[in-house]
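There are structures below to look over.
In what comes next, subunit A is part of two complexes: it sits with subunit B in the first one and with subunit C in the second one.
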Partner chain A sequence: MDNIITIDKYDFHDVALEYKEQGYDFLRCLTGMDWGEDGLGAVYHLENTLTQENVVLKTKTTELSDPILLSVCDIWKGAEFYEREIFDYFGIRFLGHPDMRRLFLREDWVGHPLRKDYDFSLNPLRMTNEVTADMTQNIEVLKDGSVIKKREVLFDEDEYVINIGPQHPATHGVLRFRVSLEGETIKKLDVHCGYIHRGIEKMCESLTYPQTLALSDRLDYLAAHHNRHALCMCIEKAMGIEVSERVQYIRTIMDELQRIDSHLLFYSCACMDLGALTAFFYGFRDREKILDIFEATTGGRLIQNYYTIGGLQADIAPDFVQKVKEFITYMRPTLKEYHDVFTGNVIMQGRTKGVGVLSKEDAVSFGATGGTGRASGWACDVRKRHPYAVYDIVQFDEILYTEGDCFSRYMVRMKEIEQSLNIIEQLIDNIPDGEIQVKMKPIIKVPEGSYYAAVEGSRGEFGVYLESRGDKFPYRLKFRSSGLPLVAAMDTLCRDAKIADLIAIGATVDYVVPDIDR
Partner chain B sequence: MEIKNKEYLDDMVRQLNESGTKVFVGCLDEFINWGRGNSIWPLTFATSCCGIEYMAVGAARYDFARFGFEVTRASPRQADMIMVAGTITHKMAPVLRRLYDQMADPKYVIAVGGCAISGGPFKKSYHVVNGIDQILPVDVFIPGCPPRPEALLYGMMQLQKKVKVQKFFGDVNRKTDKEE
Partner chain C sequence: MFDFGIITSWIHEFLTSYLPLGLATFLECVLVGVCIILLYVVIAVIMIYMERKVCAAFQCRLGPNRVGPWGTIQLICDMIKMLTKEIISVRKSDKFLYNLAPFIVILASVMAFSCLPFGRGMSVLDFNVGVFFLMASSSIGVVGILLAGWGSNNKYSLIGAMRSGAQMISYELSASLSLLTIIVLTDTMQFSEIVMRQQDGWFIFKGHIPAVIAFVVYLIAGNAEVNRGPFDLPEAESELTAGYHTEYSGMHFGLFYVAEFVNLFIIAGVATTIFLGGWMPLHVSGLDGFNHIMDLIPGFIWFFGKAFFVVWLLMWMKWTFPRLRIDQILTLEWRYLIPISLVNLLVMVIVVVFKLHF
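So, the complex of A and B:
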């Protein structure tokens, strides 16, 4: 159970700043909460990137009609999007936040859906086109203590603003950008999310724990195993269940296969976005081999529903070990072929080297984990920071680049495929015997408390924050999306880049939109 | 020249062929539908998981080019068919409707996966449309979560069958014309 430090809402900004100065420079997760009569609030998970120490802070307000908390987005840049999300879900306004708009839902949405007293009938399906405002609002405190809302301009009237998405092949799903241009140069980028916001977190509050597992696969479908692993780990941690060695080994192998699968798809799509259609077919050809292995064991290609609380759905297929070994021998020379086809290409190098640079400070401040963070030189791999499953006994390198540009983001992922192959190779022959499922009660109840567990997903840290009140339903289940910090960083990444570079940047940052919107 | 009945037509064709002019007679609708059915251009549209399977159908192993679907268009104005692959949310629904409205007739809709058919696993959510048939006319439903590539191909072939029995020049209009 996490040890949570409660801080008064008026002191929160100062305390947060102190923690930042002590080295807690990574805001892992920021969760909005509705504690019913105890008020509304937020839970902050911080990490010191040098010592890997964690601290959990909590602040709340008992004002329910117009709740206000202090913003920390001047301390951690990543907080900007998180706070907008909390405003959207709970209606908490953050003082000092420059852009207090909704993040996911329509501007004309009534109410705040994650509040416990939300009325579902308020929002029927609206078929009117949404009006995109060029204005935003923030709030300010006057000298006499009263709060006023102030309007602020996002895009000036004489700015040249173009709209990209939500239906655009290069945004990798239904993400929408509004880009202000000066000639070909991007001056400002405004991200609109929520076109695939499915309200999973709210739904989980009325599902039993085994039922919530089904939805986790569908968040980031290219990290289906990782997502489910995080949720299973969180519930297992809360209930004090130890899964067997065999399960840990199989989970680790499956996670790594999934990572290769995701990176192959990244390769295919990034190449296609940059104009190399042949590479798309290469990537998909080899991805099918992994899907075959998955299918033989789990029965699914994309959505596998394989991990359960305390174990696995089924034992591995009889030919699993042999198939995986064949795949490893096949994959290593194929990687070289990939580099021959695409990496050495002069157009590819010209379009990615030095383009879309993210500094290490920014990566940490935004919380941009995964390949994007590691390309900027931030050692952010959860497998190394907080080893889980059997990652503490395998040898592998954390791929780090320092340039932070598109090319290094691409190379990090390509080299991670090799590392994943290494990990699988070390484990595949030594899968120990044992139970594949711990015996569970028919109704799973998690003891009261707050728990956080994280895994390294395909594109960064994927965390699950669970608050339980001892019921068979979670009181609040928050998924720390690996993609949201990445799109939060898009504005910084794209400033002063060319409009054509937006495609290269978007492709190499490698976000998956349902994971952002949840 | 007015063609009175089938015997007259057959007689004319025989005479022409005997005199050395090579002709054959067929139904223009069938000919057009043969062409239309075998080159349906889909819109590249995907919102979530099913979209990845849709990409897999386009890639090497499953390869929908075998059935004439390979010309995926990024613009709805050039597309014949929209495959709604994935969940449609309240925010996306007007956008999807607009995309559909922008497509040129004749146009077709395939609903792929549980989410597009009924809301699927997200049916009870506050932000998910419970089935796209509420906002669009759907021609083919492909169930699954996500459907396998084989299922997608089967669904697309069902659409081809549907296209091939249509009357391109209209059947109903000509009849009403005579009566009134």
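So, the complex of A and C:
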């Protein structure tokens, strides 16, 4: 159970600034909360990137009709999108936030759905199109203490604004960017999320714990195992369950296979987006082999539903070990082929080197973890920072680059495939015998408290924040998406780049939309 | 070597013996027009089939293989589908320009296509400034693309059209310069003459170093002129969905599609005619027996063989390389290709003046 420090809402900005100055420069997770009678608030998970120390802060307001908290988006840039999300879900306005719009839901949505008193009947299926506003509003405090709402212009009337998405070949799903252009140069980029928003966090509040597991695979479908691993770990941590050594080994191997799967797809899509259509097929050809391995054991190819609370759904297939070994021997020389056909290409290097540079400070500030963070030189691998499963006993390198451009983001992922192969190689021969499922009660109840667990997903830290009131349903379940901070950084990355660069940046930042929208 | 001119002059005599000269000429024009359009369509179908099979081979796939033997009927089905699809008109578009654009593109393409000499005596337009006419008529195509982008009232289309304008006009320069290099060597612009002068060796061998450089520059510039990968920015599907023809459907889109493939063939055909001897068989001076055997193969087979080889080279390029960015494309042209072509032209002049060629 996390130790939460409660801070008064009026002092929160100053206290947060103090923590930042002490070195807590990474906002891991920001969760909006509705504590019912106790009011509305937010929970902040902070981490010191040098010492890996964690601290959890919380602040709340008892004002329910127009709740206002202080914004911290000037301290951590990543907070900007998180605070918009909280405004969307809970209606909490953040003072000092430059752009207080909804993030996922329609502008004409009535009410705030994650509040406990939300009435579903207020929002029937609307048959009209959503009007895209060119204005936004923020709130400011005047010197006499009164609060005013201010309107701000996002895009002028004379600006040449084009939509990239929601239906666009290069956005990897239904993400929409509104891009203001000057010739081919991008002047401003505005992200519109929510086209595949399913309200999974809200749905989880009315599902039992084993039922919530079914939804986690559907977040980042290229990190299905990772997502479920985080959720299982969080519930196991809360209930104090120790899973067997065998389960830990299998989970680690599956996670790494999933990572290779995702990185192969990344390679394919990056090639495709840069226009190299042949290399695209190479990645998909080899990804198929992993999917076959998954299918034999879990029965699923994309959505696997394999981990359970306290174990696994089923034991590994009889030929699993042999198939994985065959795959490893096949994959190593194939990687060289990938580099020959794409990485060494002069056009590819011209398109990606020095394009879309994200500085280390920005990466930490946005919380852009995963390959994107490591390409900027930030050692942000959860497997190294907070080892889980059996990552503490395997040898692997954390791939770090310092350039922070598209090419290094690409190389980080290609090198990580090799590291994942190393990890699997170390484990595959010594999977110990043991139980694959801890005996559980028929109805799982998590003791009261709040818990956070994180794994290294395919594209960054994937965290689960669980607040339980001792019921068989979670009181609040928040998924720390690995994609949202990446998308939050897109505007910074794309300023003054070309349209073609936007595609290269989007491809190498490697977001997956269902993970952003949840 | 069989001269196709015998057949054409026989038809001419046959018609004039029954009809007055004016009517006979008119009938011949209609006949030639029908033939060239038929050939145009056949080439387009072959090119599309070839593109699918070649790209499938590069991508570890099979390509079309279900309809007809080796999937050959697939193309016919696709054509029927294309012809029967609805042509959707876009609200708020400039109707006249929107409908005009595909026809300008196809017109430019057909005009350039009719310049190609397919065999001895087998050419439609053959006069003393043939190369000049070809360059002029093929560059009308860019007008069609610009109109398509402007007329469809779509921002993607407009960006695609602008890119296309910048790119095609730029690359026209180095393409023309590299053709000029060979014209310096031949001192004629008539296609039939150019082919005849390669009787004792193709220009790529006769002109050695400058000719090879011109050939490579021409292939790059030609590829860029027909908007094919790695220079397919005007329609870059991962950036602009479909670029200038985003809003076109049915046969309007079909015209763009067909024109793109035949333009590729035209580029290959011109490269074949100018650099690789056109329909002229491979001759090695001194080996008369060998030359005689080569002459037994009909000229149009030589022409199409060479042209499809060049097409294959260009397809190889397209399916291997990633796409360039707009500034890189213009840098490549203005900083590298044009200076290289100019210097190369000068070198060729020196070679010709001092008779350093074979």
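Keep this in mind: the second predicted complex is superposed on the first by the 518 of 518 C-alpha atoms of A that agree within 3 Å, B and C clash if a C-alpha of one lies under 4 Å from a C-alpha of the other, contacts with A are read in each partner's own complex, and residues count from 1 in each chain.
Heads up, the rule we're going with is that a contact is a pair of C-beta atoms (placed from the backbone, for glycine too) under 8 Å apart; a residue touches a chain by one contact, two chains touch by 3 or more.
Remember, predicted model here, so these are calculated numbers, not experimental data.
Once chain A of one complex is fitted onto chain A of the other, the partner contacts of A:Asn123 are limited to subunit B, with no touch recorded for subunit C. Within the superposed three-chain model, A:Gly470 lies out of touch with both subunit B and subunit C [touch as defined at top].
When the two complexes are overlaid, the chain among subunit B and subunit C that reaches more residues of subunit A is B. Once chain A of one complex is fitted onto chain A of the other, the partner contacts of A:Leu274 are limited to subunit C, with no touch recorded for subunit B. Touch criterion met: A:Arg285 reaches subunit B and subunit C at once.
Of the two partner chains, subunit C is the only one that A:Val341 touches; subunit B does not reach it. In the superposition on chain A, A:Arg351 contacts subunit C only, with no contact to subunit B.
With both structures placed on the common chain, the touch criterion links A:His168 to subunit B and to subunit C. When the shared chain is aligned, subunit B comes close enough to touch A:Tyr221, but subunit C does not.
Judged by the touch definition given at the top, the superposed model places A:Gly194 against subunit B, while subunit C stays out of reach. In the superposition on chain A, the residues of subunit A contacting both subunit B and subunit C are 168-169, 280-281, 285. Residues 104-106, 113, 118, 120, 123, 125-130, 166-169, 173-174, 194-200, 202-203, 206, 214-215, 218, 221-222, 265, 268, 280-281, 284-285, 287-288, 291, 301-303, 513-514 of subunit A touch subunit B in their complex. The residues of subunit C lying in touch with subunit A in their complex are 55, 58-61, 155-156, 159, 163, 229-230, 232-233, 236-241, 319-328.
On the side of subunit B, the complex with subunit A involves touching residues 44-49, 51-53, 55-56, 59-61, 74, 76, 86-87, 89-95, 97-99, 121-122, 124-129, 134-135, 145-146, 148. Contact residues of subunit A toward subunit C in the complex are 160, 162, 168-170, 181, 184, 271-278, 280-282, 285, 341-342, 345, 347-348, 350-351, 498-503.
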